[in-house]
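Starting off with a structure, shown below.
Each chain gets a letter, A, B, C and D, in the order it is written, and its residues are counted from 1.
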Amino acid sequence: MSKVDLAVKIGSLKLRNPIMLASGTVGYGNEISEFSDLNKLGAIVTKSLSLKPRKGNPPQRIVETPAGMLNAIGLANVGVEEFLKDKIPFLKKFDVPLICNIAASTIEEYVECTRLLDGEETIKAFEINVSCPNVKDGGLQFGNDKNAVGLVTSKVRAATNKPLIIKLSPNVSYISEFAQVVKDEGGDAVSAINTLVGTAFNIFTRKPKIFNVNGGLSGPAIKPVALAKVLEISQKVDIPIIGIGGIMNWKDVIEFMIVGSVAVQIGTLNFIDPTAPEKMIKELEDYCINNKISKLSELTASYVI
Amino acid sequence: MFIINSSVIETKQVHENIFIQKIHSPEIAEIIKPGQFLNIRVSEATFPLLRRPFSICDVEGENIYLMFNILGEGTRILARKNPGELIDILGPLGNGFKLDDDFKSAIIVAGGLGAAPFPFVTRSLKNKKEILTFVGGRTKQDVITYGMENYILSSDDGSIGFNGNVVQSLERNLDKIDIASSKVFGCGPNAMLRVLKDYCINNNLDCEVSTECAMACGFGICQGCPIESTSNTDKYLLVCKDGPVFNVKDVVI
Amino acid sequence: MSKVDLAVKIGSLKLRNPIMLASGTVGYGNEISEFSDLNKLGAIVTKSLSLKPRKGNPPQRIVETPAGMLNAIGLANVGVEEFLKDKIPFLKKFDVPLICNIAASTIEEYVECTRLLDGEETIKAFEINVSCPNVKDGGLQFGNDKNAVGLVTSKVRAATNKPLIIKLSPNVSYISEFAQVVKDEGGDAVSAINTLVGTAFNIFTRKPKIFNVNGGLSGPAIKPVALAKVLEISQKVDIPIIGIGGIMNWKDVIEFMIVGSVAVQIGTLNFIDPTAPEKMIKELEDYCINNKISKLSELTASYVI
Amino acid sequence: MFIINSSVIETKQVHENIFIQKIHSPEIAEIIKPGQFLNIRVSEATFPLLRRPFSICDVEGENIYLMFNILGEGTRILARKNPGELIDILGPLGNGFKLDDDFKSAIIVAGGLGAAPFPFVTRSLKNKKEILTFVGGRTKQDVITYGMENYILSSDDGSIGFNGNVVQSLERNLDKIDIASSKVFGCGPNAMLRVLKDYCINNNLDCEVSTECAMACGFGICQGCPIESTSNTDKYLLVCKDGPVFNVKDVVI
């Protein structure tokens, strides 16, 4: 048995370690399972699901930027129905908490998706994406409006007893105000952050490099911003935080925990090294041993300011 | 599909700005098929951040070959790797060309760096099928015949071979081809593949092409590489997983 | 004579080319003049000046991040009085438009600084920094509050007839709303963007790497965000925009102009290659020649969407 | 102060993890003074973004020397430069040690990599002044005597020389020193410099130290490198411009 207790809790959801795979960066688990033993991970979060299947944006959907990438996938996904029928059977085989991420254009659609998925016991929690910057309808608008985030939280809360995580937009002045609303309306945790709005243009054609014009910036470039957002929430609101943004190695995980995260999600790194998240678990353990930390969860919000 | 560190044996410049890199990688060599590709991390640092996709150019025993030109920092770093240095390879990825179909002649059509996958295709078909190869480029510098057999050259500016594009070059030599028993294999810029597709469909030529697209992951998890399908317009296909090789009938290029 | 017209206009302020040096990255011109002929540049912007001298934050003030850096200088500056007495004489020697950047904690202080500097004819325009994230008093609060930005603009407007540029904070949901306020209150132009709020922690000491805890993120990492902010303003508000954020070479300058900038400012790059801004001018000219562009200013907002 | 591309002649590993890089740079060699530093851009790419500061270690004719250990990516890239490769140097920066003062003996105190500036100091003082050098480190591996003369060694763990820190080593040998006619030159981690400062002030020893600080520009435009002055508490001094060498009386370390 491991000498270090790596387990963490997100509200009532217990994870064997804080390493989660982020929405939109693991598909529905199939491909990544060829690189990594999913059973070792803390949790995996599905690609955002919408009520109906979505085709997503035409190409070009991604472009690399300094230490980051822009994406505007446009929430391409199979829809709730096909997910339950075709994707759940594969995911059922694993002993890893499955978190369903939901994206929608209306409050009713959020609620409807949650209802349809709620009965599936493989799904251990919901993460509500109110912050996708890459679809013309909904998305960003919700995420940058406190009332809308409050309403989504309370309505979805009424539709499920499972742990409810709201994934916050970083494209706001004071993210802690949104975390407070989530807490007030009964949300169990927040994820921070989703991508930053960005763009890139071809200087010869003068066209945007991405069909959708704007994309979401992810990767190490945004890590300092993500850390500041997590710290802000941690200092102001008493709610579990899942830290996300530019994590490339175990040191980044520790840094996110120190500023206030109970767990973290790995996104862009999965594209570059899909074996990395599993490897980090061992490295976190080594760090704890070397630094005489018996419970990894003690790191959460252990900043010295 | 796995990640492996393989060591560079040598990097040769075979043409203006065209490099052939020989890598000792028995694990990849054993299972990779012509038309598949590899996604390579050229640096451990965060720059460049993403892997860079490269077609498998050739396989010889335990060694694999890549062909590339220096476009940006990624390929520059790759070209500078010294013998013995390890490179981090994720692969094999995608499907390959279907070389076992019932055809007698393989018609290879390569535009510029579209030549990259064909040395391995040629090696695999040699002594089994007839091969006729059309190699074209904008100018002499872009016409790459490395690893090819029985080729006809063309250049857009006439500096080498036929003066015209590679599809026109194919058209001009249609008399040499028995349409019913031939299969076309194409690779090159999308603009060329579009023309090739139209030409083959109009002339009832069976044709597979290797397509290109900006990619983040290369193995199906990012949804970054959509390509429009002709049969199901509700859903995109993924270049990295469903391709990069497609029958021209199946996709909108 | 040059075949290409590189001149640009920011309201009534005419620059011989769009390359400006950003506030806080050129000091008061002395050191950078050893590397570069200031007379070739479009303009230089002083370090933010406050009414009284400011000592700034204790060390550590800067830390490198992936493709970027965080700084929390704390607006260390000599103050208006010493600036006029000791720094202006040196700057007078150059034939380059000098723009004075002003930072303050109260509206009265903004106005007072402007009044004191207005008489100095070497100063060709004012840039008002409402967006410095690195001082505990003022700064960010102003920049994220539309009413405050409006008030600062109208009060400073009343105090000077010189061109008035407001430097906007990127740490808001819709920067174009702030640009609109600036326009409504009589500002002549906006600069976008100042730095993004970020942080970094030492995972062994658990202390922030920067004394001030938060710092401002600059450099190529933020370029996609800056471009999206400029584009948003350009699409929504009819006001000249000075594009700033992560510019590393002439291509980035073109990209910023295409998305809507009339001119640009070079910041972090000055630390790495103080000769780069001057070199870009020639490179911009070459680009224009190669692309048959006779007036560089035609590029502004020439995006094809 | 200028920017110049100079070519690497060789990079030698002189100690565990300690490299000496010889660079042909007549322009810098001609004007740089002991204690000054250079700010080096190790890569044209955006990674690492900022220049890396290094003390001038030595000068010999048209060549300059750097001494460094591999800490992170910047120094790793630097260590890998092949002979003939160009490196982008900005300098000379900062002030230097005042070696022309009226003193007879130079007491050099170097902790760990604080040894870096002293080969050039030693070369400049040799045959003009007496030199007594104290070199210390945590363990044997950290005790660097490259380019030093007449030295006394110490290590915190006793694995080489005197068992104790380098200031204790100096203290122990105070009888060898004529305080009035000596001047101390120190370089090392801030914790060591603090102890050295206290010791010298208490013992009336004149002392200059080379300090370190995170830097962005290295030449005074970013205000990134403040150090508290003892004479004027309204204003910080800048390590890069007012230093990196300070008389211990002038700064709070």
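Rule of thumb we're sticking to: a residue touches a chain if its C-beta (ideal position, glycine included) is under 8 Å from a C-beta of that chain, and two chains touch if they have at least 3 such contacts.
Treat the numbers as computed from the prediction; the structure is a model and nothing was measured.
The greatest centre-to-centre gap from chain A, using C-alpha centroids, is found for D. Inter-chain contacts peak for the pair A-C.
One finds 54 Å separating the Cα centroids of chain B and chain D.
Between chain A and chain C the centroid-to-centroid distance comes to 34 Å (mean Cα coordinates, whole Å).
Each chain gets a centre from the mean of its Cα atoms; for chain A and chain D, those two points are 47 Å apart. Between chain A and chain B, the centres computed from C-alpha atoms are 36 Å apart.
Contacts with at least two other chains are made by residues 46-47 of chain D. Counting partners per residue, chain A has 66-68, 219-220 as the residues that reach two or more other chains. Taken chain by chain, the contacts link every pair, so each chain touches all the others. Considering their complex, residues 1-3, 41, 46-51, 213-228, 234-236, 241 of chain D touch chain C. On chain D, the positions that touch chain A within their shared complex are 46-47.
Interface of chain C with chain D (complex): residues 24-27, 30-32, 34-35, 47, 53, 55-64, 66-69, 71, 73, 76, 219-220, 248, 268, 270-275. Chain A contributes residues 66-67 to its touches with chain D in the complex. Taken in their complex, chain A has these residues touching chain C: 65-68, 70, 144, 171-174, 196-201, 203-208, 213-215, 217, 219-225, 227-228, 231, 246, 251, 254-255, 258-259, 287, 291, 302-305.
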